[in-house]
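The structures come next, written out as structure tokens.
Heads up, the next two complexes both have chain A, just with different partners, chain B and then chain C.
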Partner chain A sequence: MSTHVRSQEEIAARVKALESILIEKGIMTTAAVDRLVEIYENEVGPQLGAKVVARAWTDPAFKQRLLADATKACADFGIGGLQGEDMVVVENTADIHNVIVCTLCSCYPWPVLGLPPNWYKEPAYRSRIVKEPRKVLREDFGYELSDSVEVRVWDSSSEMRYWVLPVRPAGTDALSEAELAGLVTRDSMIGVGPAASPVS
Partner chain B sequence: MNGVHDLGGTDGLGPVVVPDREPVFTAEWEKAAFAMFSMCFRAGFFGVDEFRYGIEQMHPAVYLLSPYYEHWIHTVEHYGKAKGLLDLDEVDRRTQYYLEHPDAPLPQREDPDLVAFVEAVVPAGAPAKRESDKAPQFKVGDTVTVRADSPLGHTRRARYIRGRTGEIVLAHGTFIYPDSAGNGGGDAPQHVYTVKFTNTELWGPDTAEPNGVVYFDVWEPYIVPAHTTGAAA
Partner chain C sequence: MRPDATELGEARRRVEALVADLPAGRPGEHAFNEPWEIRAFAMAVAAYHNGQYEWSEFQLSLIESIRQWERSGRDPEDEPWSYYEHWLTALETVLAGSGLLSESMLDERTKSVLATPRNANHQHAHREPVAVDPPVH
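On to the complex of A and B.
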């Protein structure tokens, strides 16, 4: 077990060495890598979760279905798959604030949020959000929650993938579903911030 | 195992550093490292539970100090070696070569099946749910205590919930059991439940933040009915 912490150059060379062997063994190709990367850079990301949230904000029957079975409700949009085979959506309200984490590794609902940001996978967030979520939200995300709001932290320890239905911002009654989707940030679906407010 | 990866409740790791903007991949090498997970999975290196266990066996100091996708490289090497699929001396030699020739090209090979695999696996996923006729031993509303002993191999029974008592709020059905599959065993499906713990139960009245709970998913063997005594609880 090596105790050497590699530089970026060393990691890059190591990865390239492995990739070259895996290509020769028929396990990888650069074309398959490129396609997978393209999917998560351009096709699967938080814009998909935002569409689902906007529908839930505008269609109460859909919202009920989403909260009852998120996997099935998302499938209506053609959304689902890797790292979101079984999803649960938890609803924020005026009195309840939900936030997700994976303290043991980096579990995250890829089909609706894409790949996780680095801070989500790093030790600081994973260690602290279960123990002092109010402090982390306030000090690191600039998001202050009143003590009257219950904070619910969901540690994704199993293959269930949790994500957050944020509160619909005030002053958005006149907005279309597509305009509403534009207010739904990645962070609001992780639970480390509110949905954006409309530009007035 | 009681590893450093089990971070819930650890103190002293500093603030969460949140950049304003961040690309999906912050370095070129991350792209190939990310892709190795699904392609080595397809090639039989590991299931997802073994994949995690390979990461957990990194040196703790390196685990904490290395970028996340490098963890994935460690587990590819771990199982590549263990299953005779990789010669790590050869990896060392090629690493040296690419260090000295960072712009040297990769070997080129075409395989339309691999691109088709990528196109198929992203929307289809790799479900961990396993049908089972096993009757659940617990139900929503039950109060349960997490077994407190320390297993040596892979487990999802994090330290901060061991010995703690909470209420089952969701029952999800039967899934692959990581304590079997992650340790080289079969799927051995078990019921999964979400248990709600109060902050005070987890951290004590002096440390706990007010008005908060943590939800944690457990497999059935992780829990016993609350208020039972004995070595297990």
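On to the complex of A and C.
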């Protein structure tokens, strides 16, 4: 082992290289690794993104900075450090609902949201959410949007990754920033569900 | 589209029975901070399931990597502690021990991964929504 301190990017590349070698040698399949990863996928992120959302809900100046330049605003939280790709946050309002997809592969803002869930990577979601977003939200995620809401679907690429700033739930005026972060789900930042409502 | 929670719970119990005897490093060290950590974790379990080594070999290798780091007396300011870097070292060591891997082979492959843009075919930035579904009137 060298004494050189490796960056997260170098280590991630080494892990990827190791996986590709082991797959070539027939020792494992991507599916077998995916299957094990699935058990733990909820444990990486999306707590980081949730913190950022809670800050945006409580601090209007921060929200403006987040919407203007999410990469820079997230750096305040020590989030980011990837190969220079841009993150863009799109804001949900009473009239506009945003949802993210990667139509070609599975580009995903993982520094804030953790690992993508398997369904995000599946062709079914990637193609259908573009063609019939309202229907997919209703049928696959049980999320019924009002007819008066415009739905915008954003296609992430490795250059530009989108994620969603969900609407702050009603009845949360008295909550602290940390309590608010607890209401922000991964799905709400992908745009396939609302933020959770406080338990009263 | 969503995985079955009961089935995942069962799978998780089986994996956890396996890792229960491993050195935990420090409290909470089994939590994952980076996606590569889960990937490395899963690979060690998958290679074991494939019969590439005894679990005890992996365990000893992990203990050894952590012990070496502790003995080296390195300043944690210069080199922050990373449980899963030891995990990766342990995995590399047991795979090299069974002749499946050499450090030079892995170094070469890592270089080519770093040189390849991620999602080489999907770099173009899309600045407008890919679809808009207007309000229904």
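Note that the second predicted complex is superposed on the first by the 150 of 200 C-alpha atoms of A that agree within 3 Å, B and C clash if a C-alpha of one lies under 4 Å from a C-alpha of the other, contacts with A are read in each partner's own complex, and residues count from 1 in each chain.
One rule holds in what follows: a residue touches a chain if its C-beta (ideal position, glycine included) is under 8 Å from a C-beta of that chain, and two chains touch if they have at least 3 such contacts.
Predicted, not measured: the structure shown is a model, and the values here were computed from it.
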Winner by number of chain A residues touched, once chain B and chain C are compared: B
Touching partner for A:D147 - first (chain B), second (chain C), both, neither: both
First, second, both or neither for A:P123, with chain B first and chain C second: first
Contacts of A:G114 with chain B and chain C, given as first, second, both or neither: both
First (chain B), second (chain C), both or neither touched by A:V5: both
Which superposed partner A:I27 touches (first chain B, second chain C, both, neither): both
Which superposed partner A:D155 touches (first chain B, second chain C, both, neither): both
Chain B and chain C footprints on chain A, overlapping residues: 1, 5-6, 8-22, 25, 27-28, 32-33, 35-37, 39-41, 44, 83, 86, 103-105, 114-115, 117-119, 122, 124-125, 130-134, 140, 147-160
Chain A-facing residues of chain C, complex: 1-3, 8, 11-12, 15, 31-43, 45-47, 49-50, 52, 78-79, 85, 88-89, 91-92, 95, 100-101, 105-106, 109-110, 112-114, 117-119, 121-127, 129-137
Chain B partner contacts - residues on chain A that touch it in the complex: 1-6, 8-33, 35-37, 39-41, 44-45, 78, 80-86, 88, 103-106, 111, 114-115, 117-119, 121-128, 130-136, 139-141, 147-160, 162
Residues of chain A touching chain C in the complex: 1, 5-6, 8-22, 25, 27-28, 32-41, 43-44, 83, 86, 95, 98, 101-105, 107, 110, 114-115, 117-119, 122, 124-125, 129-134, 140, 147-160
Residue ranges of chain B in contact with chain A within the complex: 5-11, 13-19, 22, 24-29, 31-36, 38-40, 42-43, 48, 52, 55, 57-59, 61-62, 64-68, 70, 73, 76-77, 85-87, 90-99, 102, 106-111, 114-115, 117-119, 121-129, 156, 158, 160, 170, 172, 175-176, 192, 194, 202-203, 207, 209-219
